[in-house]
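Dropping the structures in below, format is structure tokens.
What follows is a pair of complexes built around chain A, which joins chain B in one and chain C in the other.
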Partner chain A sequence: MTDYAFLLDLGRCIGCEACVAACKTGNELPTDLQFIQISEKSTGTFPDVTSLVLNHRCFHCTNAACVEVCPTGALYKEDGLTRLNREACSGCSYCVDACPFGVPQIYDGFSSKCDGCAEVVKAGGTPWCVKTCPNHALMYDTRENILAAAQNRLEALKGRYPDARIYGETEAGGLGMIVVMPDKPEAFDLPENPEPAFVIKAWQDLVQPVSAALTGLSIVVTGALAIIARRNHMQELARFEEDLAQREVAEATAGDSSQETTAEKEEV
Partner chain B sequence: MARVKLQITRRAFMKSALAGGGGLAMAGLGAGAGLAAPPARIIDGEPGWFYRGEIKRTYNYCDMCPWRCGVIVESVNGQVYKIDGNPADPKSRGMLCARGQGGVSFMYDPDRLQAPMVRTGERGEGKFQEVTWTEALDQAAEKIQAIADEYGPESIAIFGHTSGDFWLTDYFAQAFGTPNAAKPSASLCTSPREEASTLTFGLPVGGHEPVDWDYLKCLTLIGSHIGEDSRNTLMQDYTNAWARGAKVIVVDPRMSTVASKADYWLPIKPGTDTALLLAWMNVIINENRYDAEYVAEWTEGFEALKAHVQAFTPEWAAGITELPAELIAETARVMADNAPQAVIMPGRHTTWYGNDTQRMRAEYLINSLLGAYGRQGGFYFNKSPYIESYPHPPFLVKGTSGGCSAGPSEDVANAPLPAGPTGKHRADGVREDFLRGATAMQELIDPMISGEPYPIKGLIVYGVNLLNSIPDTERTKEALKKLDFVLVIDVLPQEHVAWADIVLPEATYLERYDELWTVAHKTPYIAMREPAVEPLYDTKPAWWMARELGLRLDMDKYFKWQDIEEYLNTRLMSVGSSLDKMREQNGVIIQKGKPYFEDYGNKSPFHTKSKKIELFAHELELAGLGGLPVYEEIEQPPDGYMRLLYGRHPVHTFAKTQNTPVLHALYPENEVWINEDLAAAQGFKDGDMVWLENQDGARSGPVRVKATQRIRKDAVYLVHGFGQNAPGLSRANGKGASDTKLETRYALDPISGGAGMRVNFVHLVKEA
Partner chain C sequence: MTTQTQTMEHAHHRKVLRYSVGPRIVHWMMALSFLLLLFTGMVIFLPFLSHYASGGNSRLLHRIGAVIYMSIPVIYLFVDRKALKELLWDSFHYDRDDMKWLAHVYRYFMGHAAEMPPQGRLNAGQKLHHAGVVIFSAFIVISGLILWFGKGYMGPINLGIAAIFHDVSMLVLTVLLVGHLYFTFVYKALSGMTSGYIEEEDALLEHPKWVEELPAEEPWVVEEA
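== the complex of A and B ==
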């Protein structure tokens, strides 16, 4: 199976937001939801100012923290990219807290993020954002080709920016978004080593085994987990085992929560 | 048909519809709401739109800005879902900017005008009654005829903007016989660069600045902010050149995005650009860095120029521009080292300080010294595509509305001014108040008030956001009160719509056929526009309105065609094509250009009298306006005030897209950029809400403070197009501050008639 990847060239990205508008339109996103955020970051004092365009979007980590914590399988890896099936999402928001880049957002009760235009690509198209980027700051191809292209972009960038580098070749097990950047990751508010938020470790130690055991169970249990999960994570981790012990209690009322979940989905 | 007395303001209208109950409900509104682009698919898990039925693809050219990228519109089951670049189009090359992507949202904006209306209240009150097209057109024609009968057709002014303006501002105006047709893209935007170009080369700049990007080695931008001004092709070409390692020099009082990536940023004191340009010439000439062979062969007036610039040393300019002399000299050398693949790009909006044609000439003189014109990697010679007009009897008056896609302007100074049927020529004061160029829109306002040189009694406004583009809005309102008749054609209930007697709602570019797009380019080409879907509501295209008005005004002989397809096919026949053929050939017809000197044999590509580049402009010298550019000091802000500068945001165009749902979501309101230290000294911080007040006490706001190190202390900056006072625009109304409303004065360019608008000063006032 071939892994695919995106290229984001922050040398070229000029912050024009064509990608944002294309994504919103092509994916019919609600007006107040967007999967790419463009912003600026300036340092220095006039006239010695450095100003960078920040381009915040899903990095499609190979070892994706969001996928690891997702108890329902709503988030999953496919072709090297991180997909999201909102139909399966319980809204627990674990992914929101786990993502080292702060990408998933809860929109109308459920997780939402770039899925790499899964449907478009399956229909033989190019992701909307890539298709329109007027500055050729975006590419989509096999991960191998993207890495090669990134090398070329890097060479071009080094003439102007000696600190230029490629980000995402190995970070977080390799990202599905290979970023060519003129400066260090910190300059772009990106972690040098994208460590999943600490919650994921606790999750792997504590919950994953339980989660695996739950896989075969119905949405009823998931609904119960969702109730647990909505609590503050800090407190929750401290009390996790206790909470799990109380699962029976939750299960007792699970019938209701299951109905709620279904109803919510139908309503919207 | 429902006859409803409604406020034009959509909000108020909806309120009244609700309050009044079912009897007041308008069929159009319900339909519109239902047809709005489907939001929130993400929630209901429906398959992507491209799985919902057969995808219909239609060809079009984008109307979200004046650039007009070729697009392919995709619709399914009568609903438009997506617009992408047409890969065969020389401008889009398959890509679009954010605004182009927002076209779907523009079309499905539920605030759109939905049916023809006539005014029932006072002008400006915004009270209208819905009528049928027949009633609206009959009444409009009657009013226009009455004015023409009493004062002559010259007394009807026609203002037009956006791509359908051809039908009113060009075709109808010339057939009807009014020389007072004007476009904001001329005297409120490009006139200085066009007149400077015609004076120097005998050629206009034309639509697309003819930079030969693929081979460019050094780009200089003076105030142009590529990327914020998101003209698609420019972004593509600029970024490719930049990535290839072309040197980029940006002169801007504000660190624009493009300045932040430039090799040199020159944060110049506003209004001193010509001093910098003269100093650059001084270095290039005195250090013998100019292209001597080219200058000898292709230019005239070099010795005079050389003598002229002797005093303008980098040290002299440093004191004026507040830039280090060494930086001035160094950047001149960088340009020269890369010549002739080095250009100062003309830019588009060049009406700044009133002395703008001279500044533009100074830019062109440097480009000429560097030998850039007609050379690979410099400037190519653009060419308009060959195609015949639809045959029609001679027009009653020659068109002078100009605009960004105007053909070569003739040597107007020596030709008699075109007059209308009753012998009157343009009322904008050309030849008296300014020398030449396209009709100056802002200069037609006074005649509406004063009746001098003759009365202008009627006004047709097509797609111009009148109160958010022409400076001195109070004067414009006074004129609107005085007029006998105001006809407004628009897609949206813009601010000035409230001042109309009759409102005609237009179908958007996605819902109509239109005139072919033919613009000068490296590869001349023709693009087509066809409807993707039927017009929403009770809206019609401008070609239909122009024709219907014409038929009612005894202009039948100009409107022989029965429908637009016949019109277009007749024109296309002259190039051996048709709409059907174009559809088979990717929607564009591409012709061969003549970009370089080699393509002209032993003929000169320059159309000046001397057939050379006229470094010294005899026409200007004769008119007492100076054959060579000089630096003139402009008024400086009074104590406590900053100069008001304005520009663009990448997701917005003019005062047109602020209400478009998808684009509004990305940048809902503008901010006032102010130097962070200065803001702090004045007690303001980032995010504060303030009002802006200008030297005459005009206020606009409230607007958010963007305290930043990216701007000088003597200027503030606003993105244009916000601060609209149009309650019918449910999203844009009252958001941010309006630069136009703070431009209570402007400086008339004595050469081009351009309205220099960066001569206003503001200070921040705490929100009351």
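== the complex of A and C ==
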């Protein structure tokens, strides 16, 4: 299986939103839904203002928190990318909360996000956003080729931007979106470490399996002992009833004799 | 003393009232809503059941179950205020015999009630069971409400914490249920929750301190025809 990946060159993205529109048209998304959000961020105080273009979209994490929490398998990994089968989705929103990038949205009751243009690329095409980008900020290829391309672009950037780096080579097990950035991830509102949160992992990998196992164990243990314990109880119950009956007889005779004694006494 | 002797004489033909109709209805509402919650929770918990969750119907059913489950204490209050108070009081108060009983609980677990310290209306195990249900129901309701209204806006940390509380409470409540079914079977105790009556000798063996206090008249004690 070859892993595929995107390249997102934030040194080249000019914020034109051509990708947003192409994605919407190509995937026939409703008017109020989009899988890419472009925004501008200004830093510094006048007159030293620099402005950055933020490009918010699915980063196709290898250790994807969304896939980890998805209870239905609606989200899954394929060819290095994170796919979504809306038919299987339950609308639980676990993925919405778990994603370190805040990517999935609930639309019309079910999750929706970029699926890497699964249909288009399987038919041999290029994702809509990539095809449209006028400034070549986006690429789509095998992960190997993308990493090589990212390296080349980084070299070109380094001279002008000393903080330039590649983001996504190893983060969260490696992202399916290799980002070339002229500044640190924080500058682009991206988390330094997009691994699934510790509590998410503890919940999925520890609490869930241990709970299931202990519940199962309790059923097995009680199931096995129920017959033995019930037989023990039936035996002790039979003995107890016998005792009760004997005590009854004893008390009845005792009662009779005491009555006799009183009668005798009275006679005397 | 007369009562005691009479009790003995008729030991084989008498039944004693364990649960009147109000608490019985509340019990079965709680049981059914719990099972509904458990099954609709399981479909997103156990991967091999997950196709039942697709589409979201199980989530609607989980919320219906949750509303019924959360209303149980209120319903109990209306149906039989005294029984609810007694249940809560008993479940959180343990006497010397109870502590001794708990120390030997493995014997009771194996079906030997005869040499256990004498118990009142609830044995110490039942008390612990009920106390556990009360405490972990509170946890599951609070974490459930947080998930219900917070999901989609709460972020990974809060989601993880609420879900862990919800799942651990689910584990405890389910294991308590398994134990509950086990003891019901071992001590053939089901009739207490169906007709409401149990055999007097069962009561004398397992709850002698309770039988002692019980008024020896209908409806608490009835003669079998």
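Quick notes
The rule we apply is simple: the second predicted complex is superposed on the first by the 200 of 268 C-alpha atoms of A that agree within 3 Å, B and C clash if a C-alpha of one lies under 4 Å from a C-alpha of the other, contacts with A are read in each partner's own complex, and residues count from 1 in each chain.
By our rule, a residue touches a chain if its C-beta (ideal position, glycine included) is under 8 Å from a C-beta of that chain, and two chains touch if they have at least 3 such contacts.
Bear in mind the structure is a predicted one, so any value in this text is a computation, not a measurement.
In the superposition on chain A, A:A98 makes contact with chain C only, not with chain B. In the superposition on chain A, A:T72 contacts chain C only, with no contact to chain B. Contact with chain B, but none with chain C, is seen for A:T50 once the two complexes are overlaid on the shared chain. When both complexes are overlaid on chain A, the residue A:I106 reaches chain C alone and has no touch with chain B.
Once the two complexes are overlaid on the shared chain, A:E186 sits clear of chain B and of chain C alike. In the superposed pair of complexes, A:C89 makes contact with chain C only, with no contact to chain B. Touching of chain A by both chain B and chain C, each in its own complex, is seen for residues 87, 110. Note for the complex: chain A touches chain C at residues 65, 69, 71-74, 87-94, 96-100, 106, 109-110, 196-200, 202-203, 207-208, 210-212, 214-215, 218-219, 222, 225-226, 228-234, 236-237, 239-241, 244-245, 247-248, 251-252, 255. Within the complex, the chain A residues that touch chain B are 11-12, 14-18, 20-22, 24-34, 40, 42, 44-47, 49-53, 86-87, 107-108, 110, 112, 119-120, 123, 125, 128, 131-137, 153, 156-157, 159-160, 268.
Of all the residues in chain B, the ones that touch chain A in their complex are 37-45, 47-51, 81-85, 94-102, 104-105, 226-227, 230, 232-233, 235-236, 239-240, 242-245, 255, 257-258, 260-261, 263, 265, 267, 650-651, 661-666, 675-677, 708-713.
Partner chain A is touched in their complex by these residues of chain C: 5, 8-9, 11-12, 43-47, 50-51, 53-56, 58-59, 109-114, 151-161, 163-164, 167-168, 170-171, 174-175, 178-179, 181-182, 185-188, 201-202, 204-205.
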